[in-house]
Each structure stands twice: as structure tokens, then as C-alpha cells.
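Two complexes come next, and they have one chain in common, chain A, joined by chain B in the first and chain C in the second.
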Partner chain A sequence: MKKKGINFYLHIYFKILAQDIKSKMSYRADFIISTIGMIFTNIAGFVSFWILFRNFPSINGWSYYEMMFLYGFSLISITPVQCLFDNNWNLRMYVYSGDFIKYCFRPINLFFYYQSEIFDIKGLGQLAFGLATMVYAWTKIGLACTPLIILKTIIFLITASLIMIAVMNAAAATCFWITNSFFVMDLALKFRDYAKYPITIFSPVFRFIFTFIIPVAFIAYYPSLVILRPDNIPVLSWISPAFGCLFFWLSYKLWMHGATKYSGTGS
Partner chain B sequence: MKLKKYFALTRCGILESLQFRASLLVMFAGNLVYLTVVYFLWKSIYASSGTNSVNGMTFHDTLIYLVLATALFNFMEMYAVWEIGRNIQTGKIVLDLLKPIKYRSYLFWSYSGSFVVNFFTTFLPTFITVCIVTNSAVPLGINLLYFALSIVPAVIINYSIDFIVGTICLYTESIWGINIMKQVIVMLFSGATIPIAFFPKTLKNIVNYLPFTSIYNTPLSILLNGNPQNANILTMLGIQVIWCIALLIVSSVFWKISLRQITVNGG
Partner chain C sequence: MQNLIEIKEVSKEFKILNRREGLIGSVKDLFSRNYKIVKAVDNISISIAPGEIVGYLGPNGAGKSTTIKMMTGVLEPTSGEILVNGNVPYKNRSKNAQEIGVVFGQRSQLWWSLPLIESFRLLKDIYQIDDSEYENVIKLYKSLVDIEPLLHKPVRQMSLGQRTLSDILAAFLHNPKIVFLDEPTIGLDVSMKNKIRILIQALNHEKNTTVILTTHDMGDVDALCKRIVIIDKGKMLYDNDIEHLKGFFGSYRTLKLRLGENETQQTDVNLENALAKHFTEYEAISVSSDDEWTSILINEEKIKLMDVMKAVQDNYFIRDMKLEEISTEEVIRKIYEEGV
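After this line comes the complex of A and B, so read on.
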């Protein structure tokens, strides 16, 4: 079989995307309420952030606005997993009911086809919220605004987002073995809430755990050091894009391994 | 025997939640990670503030408060909105409405079994651990009795709010958005994520006029208060009881009105 190029996949992706949006639009009330719910979640998250840190000028050497930058950064970098990989949440249902077999018969990449089926528009509100927070913190800290630094920010944001995608992929893929992966996914989802804190607040043991075992520190902390503290960037920050790609690749392999092992329900 | 039918439901609930032991385990692991993050976060907050007591709460107070809030959440949260919403979407609600028992009581008593299980598997172990770890910083005296007393209206208030929100689902047929909105509002304004003592003054005043503080903040502040004044306790319990009665009436009237509205697909 001829290897299909990226253009082919992009073309397919937008075709599927259009169908998904059309079907979402037929449940308009639900769509509007869900969007409002998502905005509510972001506002509440910001309010708790504000209540917690407005009392203190700095936490562990991190100023209020630097913390806010971190918060905005983490919101943006968890947007892609919300928008593009939301179908992971349904995986256990498909596997349980046996409907998953329908994906195995398509002549395109299984993982790609499965994930492209759903695009969660709600996540765009979160993206806007995160961008606004980050830009506000950016101006308050007085960071420079050169093309180079913006390019760096974008690259580090994209690679940081791969981490959360990898975590959710791996969590969803557990359902190929244990069927009900909801609790694993719910647990994994909680990790994104911890990304907004600087890793230096933890003791060395937990710093190690949150860096290498549950890589939440790569979602916001290490990549944003490149922007926030340009004089003193640790090695881990520079290699965080590589880590993002590595974790994503590993989770993809795990997911595909589970999918190829999948034997259906027999019906 | 009137109560017999209710206790039969409780028994079923106990058996049902014991069936899902794996979920209990994952929940336990999730809480452990959450509490680790909370511990280090507040520790560095207190270290940076330079004083022992912030807003009248020491580090130990805050930690005990948040740990027990999490335990209380696991104990009280029933996900009733999900259940009602799912019953509406699948049409199962029709069968439940035909049962010779009020739907509201039916749902409550079916969940009561998981109260019992969660009390012994999460709340009690957490409470004992906290007592040991903090070197009995939790005062053990008459306040335990008051705490137990205030839990009863807290559970009923929490359930009534859930039920009111669940009733809204009859109109909207949207679950996720409504539920997430309810969840973030309750978690923030009840003081489950940040103690109410840390709220800025105006926000504190607003929150005091809302029913949410009665769910988590009131029982926990009663528990943490070593030598309670009778008048003080009585006002707190009184407010809880008033909210409890008010919400019971609202939820039952709202349900009765909405039931005429119900449309079930297929059924």
C-alpha cells in the first residue's frame, strides 16, 4: 500500500471535522450550555487562583504575576488534549460494546481516524482564557516582545501540550486491558490541575516523581522557565520539547499496541 | 414497617459499592496525590508568608481542614445529577417513577449505601490518619458530637442542590454542562477547595448568604473548634437547618411542577 501523505490526512481530517460540527449543531441547547459550563470552570479556577495568591507577594521566589503566567501557560497547553483528543473518553464505551471494531477496518491510521472523529469546540474558550491570562501576566512582568521570544513560546507551548495528550492517551489505552478506564482517566485528568504550580515547592522525591514518572512539570513549569527566567535555564527546560515528543510517541505506541491486541466482543 | 423498604435500598447500595473495589483503590490513589500537592503548596505558602497564622488559621489547621474536606467530599458526593440525567436520557426514569416510592427518596436511599461504605473506607481512615500525623491537633471532645449533628443537614442540603440541578436537566436534556457548573460553584463557594477564612471580605459576605457554606465549611469549622460556645454552635446549626428545610421545599415543589414537563424518548 502506498504511504499516504500529510495532505491526504489533513483533507480527511477536515472532512470528518465538518461532519462532527454538523452533528453537534443539531443539539444546539446542549452545545451552548456546555460552552457556558466550560467558561464557568475557567472563571472558578481563576477565582480560586486569585483568592489563594492575592494574600501573598511571592511563593517560593515566584511573584504573583509569574504564577499567573504559569497558570495561563498551563491552560493553553492543555487545550489541544481537550479539543482534539476528547474521543479518548469514549474509548472504553466502544471497547466495551464492541463498536471499536469498526475503526479497525478503515484503510487509514487507526489512531488518527479514531481521534479525528471528535473535535471539542468548548476547549476554544479555554484557549482564549489562557491566552488572555498569559498576555496580561506577560505585560505586567514586562517581558520583551521580540519575534524570537514569541516563536520560542509557541514551540514550547506545542511541545508541552504533547505531554498532557500522552498522559490521556495512555490512560485511555488502559481500557484495552481493564475495560473500565474511567477511573484511570479521571485520575490522570487531575494531574493537569497540578501543572500550574512551580515544581520547586515540592520536596526532592516528589520533584523527581512529577518530572520523570508523572511528567506534569513539563506541562507548564519547565517550558515557561525559558520565557520567564532566560538567564538561568536548566537543561530540563531545553530538552522538554524532546520529552514531549518522546512521551507522545510512547503513548501512541501503547495505544496502538492495545488496539491491535483488541479482539472484539465476538458479536 | 415503613422504614424497611428504605433500608433494603441501603443494603443494595452497600453491596453495589463493594462490588467496585478497583474504583475505591483508584480514588484512594488520586486522593493521595492530591493531598501531597495540597500539603506542599500550603507549606510553601506558609513558609513564604513569614507568619505562623494566616487569616486566623495555622498551617496545621488549614491542612486538617483541606484533608477532611476531601474526605467529606468523597463521603457525601453522590453524583446524583449524572444519575438523574442518565435516567432521563435512557428513559429509565419512567420505570423509577412507577415505583411505589417517591423518586426523590428512592434516589437518596439507593445512594445511602455508598454513604455507609465511604464513611468506613475513606472518611474514618482519613480522620484517624490526620489525628495521628498531626499529633492530635484535632480537638477530640464535645465538638465531635456537634460535627456529627451538622453532617446530617449538610448531606441533605448537598442532595437537595443536586436534585434541583438534576430537575433542570428535565428541561435542557443537557447533563455535562449543567453538572460541571453546579460542581465548580459548590466546590468553590462551600470552601471545599480553599477555606472560607481566606476569602476577601466582600466575597466572604456574599458567600455567607448562600447555602453552600453549610455543606463543607460549617461542619469542618465546628470540628476544628476545640472549645465551642453554645450560642455560636446553635446559630451555625440553625442556619444549616433553615437552609435544609428551604431547599427541601424548593426541590420538592420544583420537581412536582417539572414532572408535568417530562418528555421521554422511547422509554
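After this line comes the complex of A and C, so read on.
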């Protein structure tokens, strides 16, 4: 058996991806309707955000455009989890019905094989919307556009994505123990909404929870401080990439531990 | 010959919570530590040589799936040792996966929305199959079944039969040493069953692949397996040639008769009484009847069939008759019920 490195996995992933997109395009009505749905969801989200800021020009020292930056940042950082890890939502069904066992017989990484099955193309609309919002806010705030700051932005976007993925992986993995993880995942998704706001607006108790227990503050707040408030960056911001990798690794281990423990149903 | 699968004194236990009834019981269960140990597989030893087709039989819940899951590396045995092609399956799941193919009759492992040929190409990459080897396999498939109409059809649009066929082809694609088929003919019509049996036979013959087949369909067993292993309640009941098994019960034959023009409900009772008077070793005969036929099961070591025939003919008018060998199905049922 040949060694299976990153190239092998990338090759397989893009092959599955290409096939998946091809087959999705064949359902034209479904594709168009879900794209329109995605656009409206984003517009509705933005409108509520806009109405809020019509009434409060700044929140706790954060200006309208800074908040908009945060909003765009969080939209971009949830794109990977939406596009690449969407199969987590189906996990509980596969586990409950026993169909999960079909993923156990391939000579490749189980987590990879499972997640590679679905690519949610709708996430790309969100990405475009997030990018537009962030670039608009960027120019309005008058941020510089040096290679360093762009590099920082990219690194911290990846960090934020990793944390988002970790939260959803861990939430989905609970189904290996409790069978129905929908409520846990739904809860995690609700908490994700708080990622859009600067953590300083919450009470200290929630600040602690959102930093260490359910690390949603890492999704947008701590990383974007590096770009927005370069003079006064807390340590937590600088170490957030390490946190991102750590949380992702932990959630992966948890997921795999659950999957190995899984014994299936009778047939 | 070196054995391909070696199972030594393997047991698998599950810890199951003793559940109480009703809502209050369920609430109590939340805090309960009252577990019982269930032995799904109890001290089983099997060795399988390369190229064999082994029928793995047993009633529902006998422990078949558990054994298969242990051989494929999904479950770890509680005690004992399993070697599949020299690997310990649960310790090296991916290496083991390279050497085996698995088909579950009702759960397709192919990509649901992709045409079969694309699934094959993905599997080719996943299993790192050489181009030439891949071409050969596809050529072989084309010679065995008419796959052209299937190749460009998405799996979700296939009928159950076509899907099972595709799953079997996919399982053999990477030239595995062993293929596990779990109820491959479940839910299929007679002609599709037959097609699938012929295909399995041919693939086993062409590639000398070892096949482990679990099924409830005795047709599969009769068509494919020389050797069968029977388990029930986790314990092994039988492991030998199918012919040998029939030999156990081979001295039995069933004489089926249609009697009289105005037969009554009591025919079988009357007949049994009449035969009991006629033969001293009447326990060697048992009579039963359904709407159409009166069946007389005869142990030919004790009583000659022709004698029974003659005795019946003296007393009754026989409209029609036929003779049946005992079927594998009946033999297995006898084993389930009575043991060997």
C-alpha cells in the first residue's frame, strides 16, 4: 500500500467535489431556488444589522463601520464550515439508522471520507456577501492595505474558521453518545450568532463563557482586534491561531473517538 | 495452505442497561448503573482458506453481524484473536480495508448522486488501483454482466437489484482478498437473485476471492456455498461441508400425496393411525397436511418408502404423488430448533 499524503487527499477531495457540483447543477430548479434563498437570508441578516445601527451609532466604543467589519469577518469565517463540513448535520441520522457503518470500510481517513461526501455550494454566496461587506467597511474605516495587514487578515480568518469548524465538529460528535445531537448543534449555531458582536458588550460571566467554554469570541472578535485596534491588542488575540489549531485538533480527536466507539445497529 | 482468516476463541460482550418500563422507569434509568452483560458472540473459532465461499448462517440476532463487524475491524473483540490476511483488523482498520470488500444488502456504499462509472473512478483513486488492473476488471465485468446501461446512471435512480449488483461490482473492484456479503439478495426478485448468484460465483472463480456470505435465503446457500457455518445465540453450532450436513438428515424423505375424492379434515390423523397399525417402528413416520398435500416424512433407515406407499395404496385412493428430498432449509431449521 502506497503512502497517502496530503496530495492524495487533495486529489480525492477535488475529484469528489467536481462530481458533486456536476450532479448538483443537474437539479437546476433546486440550485436556483437555494441560491435565491441564500441571498435573501443574507439580505435579511444585513437589514436587521443595519436597523440596529440606525438607532445606535456606536456600541461600547465600536463604530458602525467597525461593526460592519466584524459582521463581514464572521460571515467569511463561517464559510468553510458551511461549505466543507456540512455533512456534520446529517451525522446523527446516519448514526441513528446505522448507515454510518458504510463509511468504516474504506482505506482512507474516516473523518475525511465522511466530510468529503458533501460540499455545500450555497456557502459561496455567503462568502461573496461577507467579502463585499468587509471590503466596504475596510475602505470606510480607512484601513491601510499593506501586504502585512492582508497576511494578518488571512491568518486570522483561517483561525476563526478553524474554531467555527471545531465547535460544529464537537457538537455533531455528541451524537455518538446521545444519539440525537440536533439540539446540541442548534445550540452551537445560536451561540455562533453572538460572534458578530464585540465581546465587551457582554457581562464578565458571558465574556468568560464565550472565550473559554464555547469559544465564539475567537470567531470574529479577538482576531479582528488585530486589524482594527492594532495599538491595544490583548494577548488572547495573538495566541488565537494556536487556539484555533488546538480546538480543531481536539474536536477531530473527539469525533474520531466517537466514530471508533461506534458499533452500529443490527441488520 | 495458509489460512486467510483465522478466528480463535473470539467472544464479544456488550454492556446493556437493564431498562425499566414506562416513563417513571425511563427517568430512573437515567441514574441507573444496573447493567447486564450480553454475549453476542461466545467463543467462536473459524479458519477460512483462500478462495472459499463460506455461508455464515443463523437466525436473526444470532451474532452474525457482530462477527462480520469484528472481521472488518469495526468492532474489537472482548477476548480472543482475529487475523485477517495476517492483520489484526481493529488495530489497523485502513490496512485491513485495502484487502477486503464489504456489501450490505440494504445499504449502498456508493455515492448516491453519482453515476456508477464515476463511483468506480473514485474508488480506483481511493484504493490506488493501477490503470491496467482497472481496465482488466472493467473488461471482466463487461464479460460477466450487462453493465453498459448501469454505468451512466446515478445510483439513486437504480432499482434495488441494479444497486445491489453495482455494490457487488464495486466491492470486487480493488481485487480484495476477501469479500463480505451481508444478505446480498434480500428483497430481490427471483431472476435478479439468480443473476447475483451467478455473478458472485463467477467473480469468486475468476479472482479466487474468498467470500463470506450471510443470508437467510437457502437458495443462495445451495447455489454458492460448499461450506457453511451456523451460529445461534452467539455459539457455533456447525462448521462443515453442506453435503455432510445433508448426510445427517439424508435418510429422511418426504412423500407427498393427494388422497381420495372426498377427503375429510381428519385424513392425516386417520392415515397416521392406519400406518401406526401397519408398522412396528411407526415413530419413523410423521404425517402432516396442508390444503393440498398430505406429507409423510419417512426415516428410510427404519422403514422403506415403498412399503409406506404400498400401505397407503391399500387403504386410500391416491390421486397424485411426489417425492421430496429434504432441503437445506429444513435441515437448518432442524438445527436451529434441535441442534445437531
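Observations
Rule of thumb we're sticking to: the second predicted complex is superposed on the first by the 264 of 267 C-alpha atoms of A that agree within 3 Å, B and C clash if a C-alpha of one lies under 4 Å from a C-alpha of the other, contacts with A are read in each partner's own complex, and residues count from 1 in each chain.
Throughout what follows, a contact is a pair of C-beta atoms (placed from the backbone, for glycine too) under 8 Å apart; a residue touches a chain by one contact, two chains touch by 3 or more.
Keep in mind that what you see is a predicted model, and the values were worked out from it rather than measured.
Touch criterion met: A:Ile51 reaches chain B, while chain C stays clear of it.
Of the two partner chains placed by superposition, only chain C is touched by A:Pro107; chain B is not.
When the two structures are aligned on the shared chain, A:Ile16 is found in touch with chain C, with no touch to chain B. In the superposition on chain A, A:Asn232 makes contact with neither chain B nor chain C. Touching more residues of chain A than its counterpart among chain B and chain C is B. Shared-chain residue A:Asn7: touches no atom of chain B or chain C. Applying the stated contact rule after C-alpha superposition, one finds that A:Val184 touches chain B and leaves chain C untouched.
Touch criterion met: A:Ile201 reaches chain B, while chain C stays clear of it.
Look at A:Ala29: by the touch rule set out above, it reaches chain B but stays clear of chain C.
Once the two complexes are overlaid on the shared chain, A:Asp99 sits against chain C while remaining clear of chain B.
Those residues of chain B that touch chain A in the complex are listed here as 22-23, 26-27, 29-30, 33-34, 36-37, 40-41, 43-45, 47-49, 54-55, 172-174, 176-181, 184-185, 187-188, 193-194, 198-200, 203. Looking at the complex, you find that chain C touches chain A at residues 14, 60-61, 65, 69, 72-75, 93-95, 97-98, 100-102, 104, 106-109, 111, 113-114, 118, 121-122, 125-128, 154, 182-183. Those residues of chain A that touch chain C in the complex are listed here as 1-2, 11-12, 15-16, 19-20, 23-24, 98-99, 101-102, 104-109, 117, 262-264, 266-267. Those residues of chain A that touch chain B in the complex are listed here as 27, 29-30, 33-38, 40-41, 44-45, 47-48, 51-52, 54-60, 178, 180, 183-184, 186-187, 190-191, 194, 197, 201-203, 206, 214.
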